[in-house]
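Report on the following structure.
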Amino acid sequence: MAYTTFESEVTVRPDDIDMNNHVHNARYLDYVLAARYEQMEKCYGMSMEKFTARGFGWVVNTCFIKFKRPLVMGETVRVRTCIGEVADTHARVDFQILRKSNGKLSADGYFDYTLISTATGRAERLPQDVIDMYSI
Amino acid sequence: MAYTTFESEVTVRPDDIDMNNHVHNARYLDYVLAARYEQMEKCYGMSMEKFTARGFGWVVNTCFIKFKRPLVMGETVRVRTCIGEVADTHARVDFQILRKSNGKLSADGYFDYTLISTATGRAERLPQDVIDMYSI
Amino acid sequence: MAYTTFESEVTVRPDDIDMNNHVHNARYLDYVLAARYEQMEKCYGMSMEKFTARGFGWVVNTCFIKFKRPLVMGETVRVRTCIGEVADTHARVDFQILRKSNGKLSADGYFDYTLISTATGRAERLPQDVIDMYSI
Amino acid sequence: MAYTTFESEVTVRPDDIDMNNHVHNARYLDYVLAARYEQMEKCYGMSMEKFTARGFGWVVNTCFIKFKRPLVMGETVRVRTCIGEVADTHARVDFQILRKSNGKLSADGYFDYTLISTATGRAERLPQDVIDMYSI
């Protein structure tokens, strides 16, 4: 079974560049987070704010990332994400970060998110409408 | 004498938000820096890379910023900058950060930059062509 | 009238270093913030959490900073802060950032903070006990 | 075969805290980086600067991290790292991040680093003295 891949653009900012003159490793996670926020609202129809309003939060429990090619100042990246799995209390989000200038892959990997109740801080079973929403 | 005001857009990223659910104060400086980088190339015709290639660097010696209205997640900002003064070894850049959603002022202030020789690390008198370039 | 100066140490982290191989300008604000948090609790006896518990928040309304000497990787800084003024709805915090290695001044400046009610978001007159606490 | 585990302390800074009132996920990578920098110099006797002086650089090619318990403001963390493998052109660094306050595990994972020549940007076989240095 395959889920839809969505794409967002993020522009590298000067403060993302580290002492090696490349985008700092940790900022790649922020690029995926930015893309995911945008896509939750625009592509899945349920913004982070709506999850919050329903008493839910998403916490990252695992992150895996492979860095393939560095990103430099002036670059814009295309961040593609795709649900890899959605079940029980969690969702996996697969991602690819590509350089817009030449389409080459800069990094890929996945995030595993757990849905929690913001009231209890504990994992919550995904409501069926959320599973449906993410199963496009 | 008045110099031209240029404008760039910067989209708030989730990692810019701090524990108060607002864009973190220090990130405002990064928004101005991002705008300035873009404008150096697109509006003044001399990118940071070109300064570097000529053996020059710009260092911030002073920053003054007044925070008027907080910025929140989902916002895009318009960063306006304008040369306030350009002479000797330095340039002042006045800036305004506005919320794109309603045009309201979020912050304003200025940065004073000193031109340095990257070889010596010392202040350098601005070449006439740089003064001319910045005097539009 | 003079208020007491307090000092905290902050160690430069690799992620603080920017493309110029110096501590990124915006991170200086974070060093002062870190020092202030520590000093609120240890030196003034009222942690940020206690302000929050009483329904108060501090928001930055102005920041002024002069950069004198760059900071590099491996450095530890001493951040000195001192109340410059405390009255009505605000407090000014003067600061100095010094290199621990040689005691030289790296940057100085001030932050103006406004006390707000977290319920209303509006400026609040400083309670007398807070003024007293800050007047040491 | 087992390598020695080393430990560094990193103090959570206010700017590390995100909108969820926890240390931002991406900053965990920065805590490991900070620990590793310190340990390269103090524990392995070869600082990053020495690698640079020999024309070498380390680039991250993979990062895997499992987040177990959130970190909050005021916390100090103990970052334990240990070589997991060192061979050919790369080294794996296993890490654990623990809360100093109660010793509980906050996150663990690994970084895979590749040694490169800074001149060519290409992977370099680890010199024997580096392998020996890392094999303690």
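Order as written gives the chain letters A, B, C and D; numbering starts at 1 within each chain.
In the analysis below, a residue touches a chain if its C-beta (ideal position, glycine included) is under 8 Å from a C-beta of that chain, and two chains touch if they have at least 3 such contacts.
Computed from a predicted structure; not experimentally measured.
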How short can a chain-to-chain path be from subunit B to subunit D, counted in steps between touching chains?
-> 1
By Cα centroid distance, the chain farthest from subunit A is C
Chain pair with more C-beta contacts, A-D versus A-C = A-D
So how far apart, in whole Å, are subunit A and subunit D when each is placed at the average of its C-alpha atoms?
-> 24
Cα centroid separation, subunit C vs subunit D, in Å, comes to 29
For subunit A and subunit C, what's the span in angstrom between their mean Cα positions?
-> 34
Out of subunit D, which residues touch more than one other chain, so two or more?
-> 14-15, 26-27, 30, 33, 73
So, in the complex, the side of subunit B touching subunit A is made of residues 10-11, 13-15, 27, 30, 33-34, 37, 48-49, 73-74
Going by the contact rule at the top, pick out the subunit B residues touching subunit C in the complex.
-> 20, 25-27, 29-30, 33, 57, 59-67, 70
In the complex of these two chains, what residues of subunit B are touching subunit D?
-> 14-15, 17-19, 21, 24, 26, 73
